[in-house]
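First chain A sits with chain B, and in the next complex the same chain sits with chain C.
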Partner chain A sequence: MSFRMKLPSADYFSDLLKAINAVADEGTFKVSADGMRLVAMDPAHISLVDFELSSSAAEEYECSGELQITVNISELLKLLKYVKSGESLTLSYSEGERKLDLIIIDATGSKQRIFTFNTLETVEARSVTPKLTFDAKARISSAAVKDAIRDCKALSDYVKITISPDEVILFAKGELGGAQIKFSRHGAAIYEIVANKEVWAHFSINYLEKIVKAGSALSDEMTMELTTNKPIKLGFPIPSGRLEYLVAPRIEGA
Partner chain B sequence: MTELWVEKYRPKRVAEVVGNRESVETFVKWMKQWELGRPPEKRAVLLYGPAGVGKTSLVLAYGREHGYDVVEVNASDWRDEARVKAVVGESSLQATLEGSTKKIILVDEVDGIAGKEDAGGIAALSRIINETRVPLVLVANNPWDPKLAPIREKCLMLEFRRLKKTEVVKRLREIAEMEGIKVSDAVLEKLAERSEGDLRSAINDFQAIAGGRKVVDERALEALGSRNRVREIFDALRMVFNAKSVRAARAALEGLEVDLDMVYTWILDNAPEQIPDPADLAEAFEALARADLILARVNRKQEWRLMRYAIPVMTGGVALARKHKPSGFVKFTFPPRIRFLQATSAERELRRSIAQKIATRLHLSTAKALSQMLPYISFIMVNDGGMGEALARYFEFTPSEISYLKGGKAEEAKEAGARRRAVRRKKS
Partner chain C sequence: MPGNLVKPCLLCRGARGLCGESPCPLFSVWRVVEEVRVPSSSLVEAPSPPSVFVGWSGYPKVRVAPSVSVGEGDARVYDAPENWLDLSLDEILRMRLSLVRGCMTVDVRRPALIEELRLVAASAKSVDMELKFSKPPRPGVKLDLNAPPLGPAGIVEKLRIVDEPRIEKPVDRVLSDSDLKASEAVLQLYSSGIPVSRIQRIFSVGGLGVEGLRRIVPTRWSITAVDSIISKSLIEDVKRLPIIDSYLFFERRVSRNTFIAVIAPYAWSYEWIEAWFPYTTWNPGAEVEVEGDWEDYRGRTTYASLGGCYYAARLATAEFMLRTRKQGMAILIREIYEGFFLPIGVWFVRENLRRMFESRPEKYDQLEDVLERISRSTRLPLSTWLNTSRLLRSLLRQTRLEVRSL
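Right, the complex of A and B next:
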């Protein structure tokens, strides 16, 4: 069985990998005729990434059957560190070789770079996302959230995220003081709030920061879905694909 | 690739965990307290004992049976404080991705961090134990490493012993049945014997000799070859004293997992009984004295390459000196020096940990803290309650350390020492 995919922009694929890398160092791409999907958790089981790219995102796409390709994403990113805009990327993998080939061709087609990348043994890991329902949802500017988290980080390791029918609030409190960033539903940063009550939970800034930083490079807009003291779901709409994260909340009052 | 049997037949429920019932039940009770929402006083357990006796399996089985998310981290992957904090620390405060608190953090090979250049890893772990909101399970082969002292007293200590031969055979038999393999009890017993109570290695050996076949007989055992097994110290001593050549005497120490200084003491203390002829004994002591010089030099200058001279001298030198054998069998005795050190180990450990705390606070060496500060602090604690309490807070002494400083003799330390001695007596 083999797989081949040509993407118009190597740059973009590199950003997608960075978004996965915000959670996991290693991951298994499940590749089928429809496209590729990857679900991975970080080693502490605090965050999860659910990534999907449909075959329609590719210029050329061939895949016979279903394949699992496990790679070290941090290492793969090193190969893609110096891609320039306009360069295309072709990924190909054949099951026998267990190697992933990357072919990067520049805009004029005059230079071709070919990398061969060793893949890893696939270990059975979590591949389904937990089924969760959420009481509130907000669509919000990803850049605004990124800045708000940066402000909170100056004071604390944790941020309390609140979604109420009227606003989204990020609140952090540390030894030196507190920070509160409010986004009103009428403001420019908020596109939509769907909530009939106030919900909130605390999250580790370290995890949120990495995710929002990588996600905001891919999408100007993000969704937040939340239930009080339950995991938060962060979604970044990407063309012909899906990029969603879950982050576990802090345990309260134990 | 065929699936490894150790994974395939890993216990799926706590009841399937082989052996060590007492520790298993204590662990289950400890987990029950978490389950009832009343976290136990000791928020971490330290499961310790040799490899392959079910420490990790117990935790995984419990997690699986009761629907816990087990976050497994291997301590040898991270050593510095930052990594410990990022993974274990963060995880110990967050819920699961389902939003529940049913999570167990399993830190394997904790002694691995202590042995290597530990950049605050143990200290970070110690702080995490104070604050964790989910059960924290630490696993170690050797929990008595002095560096683990700060976390040892915060953990519920659960010992896992080598499994009994019958327990190993029984489990191998079950696996044989599930795999549909015909095999005699004799073969399984050989495998169990070889494993020395390590079920994992027994299962691995079994899978290796089975090699996919459905009938396994004694000839298959030959395939395992002769692994250099860990020999008991008594066997090694017998070989040393009875060796006919330096080479044979030296070979006695191969595969022996005992500290070389310890072996030296064993040989030295047993020599007078094993060598009846005074002239022989004098010659043997000459060799031992020479070896002692070399060992001292190794220690002082950390010149480990000199070790290769010490070993033949202390083994071969003694063996060749022994030209007359005692009439009849003389049994080897446990060196009194080692016995004394073991009997006082709890107390010495306590003194060391007190001295370390004083040393850090007062910018002294631990030796100075021990000889110059400890007596004064102890005197103050005995005679001035208020000041003593303030000092205890300042140095962050634990209750057992305080009682040692106050009582002149630490009751608890004595008890612990007695307990350990009792355990050892039962074993031998």
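Right, the complex of A and C next:
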């Protein structure tokens, strides 16, 4: 069985990998005729990434059967570190060789870079994402959230996120003081709030920061879905695909 | 901090035994210092353990000081901290202060100038050396942040190596490999079983690295560089191991120090916390000072604020996990009590933790039980550790995603 996909932008694929890498160093792409999907957790089981890219995102796409391709994402990203805008990327993989080929072609078609990348053994411990329901949802500017997290990080290692019918609040408290960043539902940073009561939970900034930084490079808008003291779901809409995260809360008391 | 701590040294002044130690640790150190025999001649022939100290002041023009032992017993032990654990601090100090240093000033970029010393530093046995001083060495004690104490010193005019150093095969291989990066060379030496103290000495005299890039490295930096390089590599292997299934608790009390380790059943991460009681080496004040630093699964990119001990302890921890083939979250605590005022060197942490991790741990299933166990071992209350420790706090408060396996 084999797989081949040509993407118009190598740069974009590198950003997608960085978004996965915000949670996991290693992951298994499940590839079928419809597209590719990867679900992975960090080793401490605090965050999860659910990534999907449909075959329609590709210029050319061929896949016979279903394949699992396990790679070290951090190492793969090193190969894509120096891609320039306008360069295309073709990924191909055949099951026998267990090697992923990457062909990067520049905008004029005059230069090809061909990498061969060893894949890893797939460990057959398949897991399913937790079934969660959420009491509130907000659509918000990802850059605004990124900046708010940066402000909170100066004071604490965790942040309290509150979604109320009228606003979204990020709040941090540390030894030296506190920070509170409020986004009103009427303001430019909020696109929508769906909530009939106030919900909140605390999260480690370490995890949120990496996720929002990588996600905001891919999408100007993000969704937050939350229930009090339950995991938060962060979504970054991407064309022909899905990029969602779950982060488990810290129980800090109100 | 509670205000009920007495100022034992001030009240006691060596006469009343308030710290519970006899004889008074302060007095006994001075007695050792008084006993130091300083050679009266400007020509000294004696065995070097081997030992070569490289200072850091004046960098990049630094003092390189090979030393010879004018004390008794097997000279090799004098610069091999791996063998010091069963000696008292006084004995170690006595030994160290009978090392006479011959100092010369060398530019770190010109390690070729100390070519001969490179072989002495790398030797597996002591090497007889003749030091001709410009005038007889001055008595004195040299203390360093990371390195063990040192004794009298003088400017050396001429140095003659009297007998052949013994260079083991793996050492010879890296010394003569001019294409091997210093970090790779360190790892090769470690996996060939060369003691960390010797790797550090070879690193320091500019014996490792790609030709042209070799540098002389001040002893205090080289100690931490070697601990850091080795532990970083071991951690990559640790992260592939299965996760331990219960909490482990270790404890070691030695020379006015208490060491504690908790290994928790989660993926690799590491934290090192030091509590310096008043009137100790790095805390001249009257309040307990508590400092910690940590890293998560992905490691750290900045230098740990606590420096040398952080990396030495990380090495001992990673070695333990590799030996037992299980990974975990490691929280290490050290309390340093009144009367421990001599900077003894980072080896003290590395070797004591190695010994501690050889002991049989207590096992606990519940976090609450292991926290209670910590509070029974430390003088500071549990609340201090919960306030300082990022990892203990995360154990208490951070929930995990519940994912069903198919």
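The criterion applied here is as follows: the second predicted complex is superposed on the first by the 248 of 254 C-alpha atoms of A that agree within 3 Å, B and C clash if a C-alpha of one lies under 4 Å from a C-alpha of the other, contacts with A are read in each partner's own complex, and residues count from 1 in each chain.
FYI, contacts are C-beta pairs under 8 Å (C-beta built on N, C-alpha and C of every residue); 3 or more make two chains touch, one makes a residue touch a chain.
Please read these numbers as outputs of a predicted model, since none were measured by experiment.
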Quiz item: So if we stack both complexes on chain A, do chain B and chain C clash, or do they fit?
Solution: clash
Practice problem: Report for A:P130: first if it touches chain B alone, second if chain C alone, otherwise both or neither. | Solution: both
Practice problem: Look at A:L176 in the shared chain and tell me whether it touches chain B only, chain C only, both, or neither; answer first, second, both or neither. | Solution: neither
Practice problem: Applying the touch criterion given at the start, work out whether A:R250 contacts chain B, chain C, both or neither, answering first, second, both or neither. | Solution: both
Quiz prompt | Touching partner for A:I46 - first (chain B), second (chain C), both, neither | solution = both
Quiz item: After lining up the shared chain so the two structures overlap, which partner does A:A188 touch, if you call chain B first and chain C second: first, second, both or neither?
Solution: neither
Exercise. Superposing the two structures on chain A, identify the stretch of chain B from 8-16, 152-160, 188-196 or 242-250 that clashes with chain C.
Key: 152-160
Exercise. Across the two complexes, find the residues of chain A that touch chain B and also touch chain C.
Key: 41, 43-48, 130, 204, 206, 231, 246, 248-251
Quiz prompt | chain C-touching residues of chain A, taken from the complex the two chains share | solution = 25, 41-48, 125-130, 157, 202, 204, 206, 231, 246, 248-252
Practice problem: Enumerate the contact residues on chain B facing chain A in the complex. | Solution: 39, 69, 71, 73, 86-88, 90-91, 93-99, 101, 103, 133-134
Exercise. Note which residues of chain A are touching chain B in the complex, please.
Key: 41, 43-48, 130, 132, 204, 206-207, 227, 229-231, 246, 248-251, 254
Practice problem: Enumerate the contact residues on chain C facing chain A in the complex. | Solution: 239, 266-269, 296-298, 390, 394, 397-406
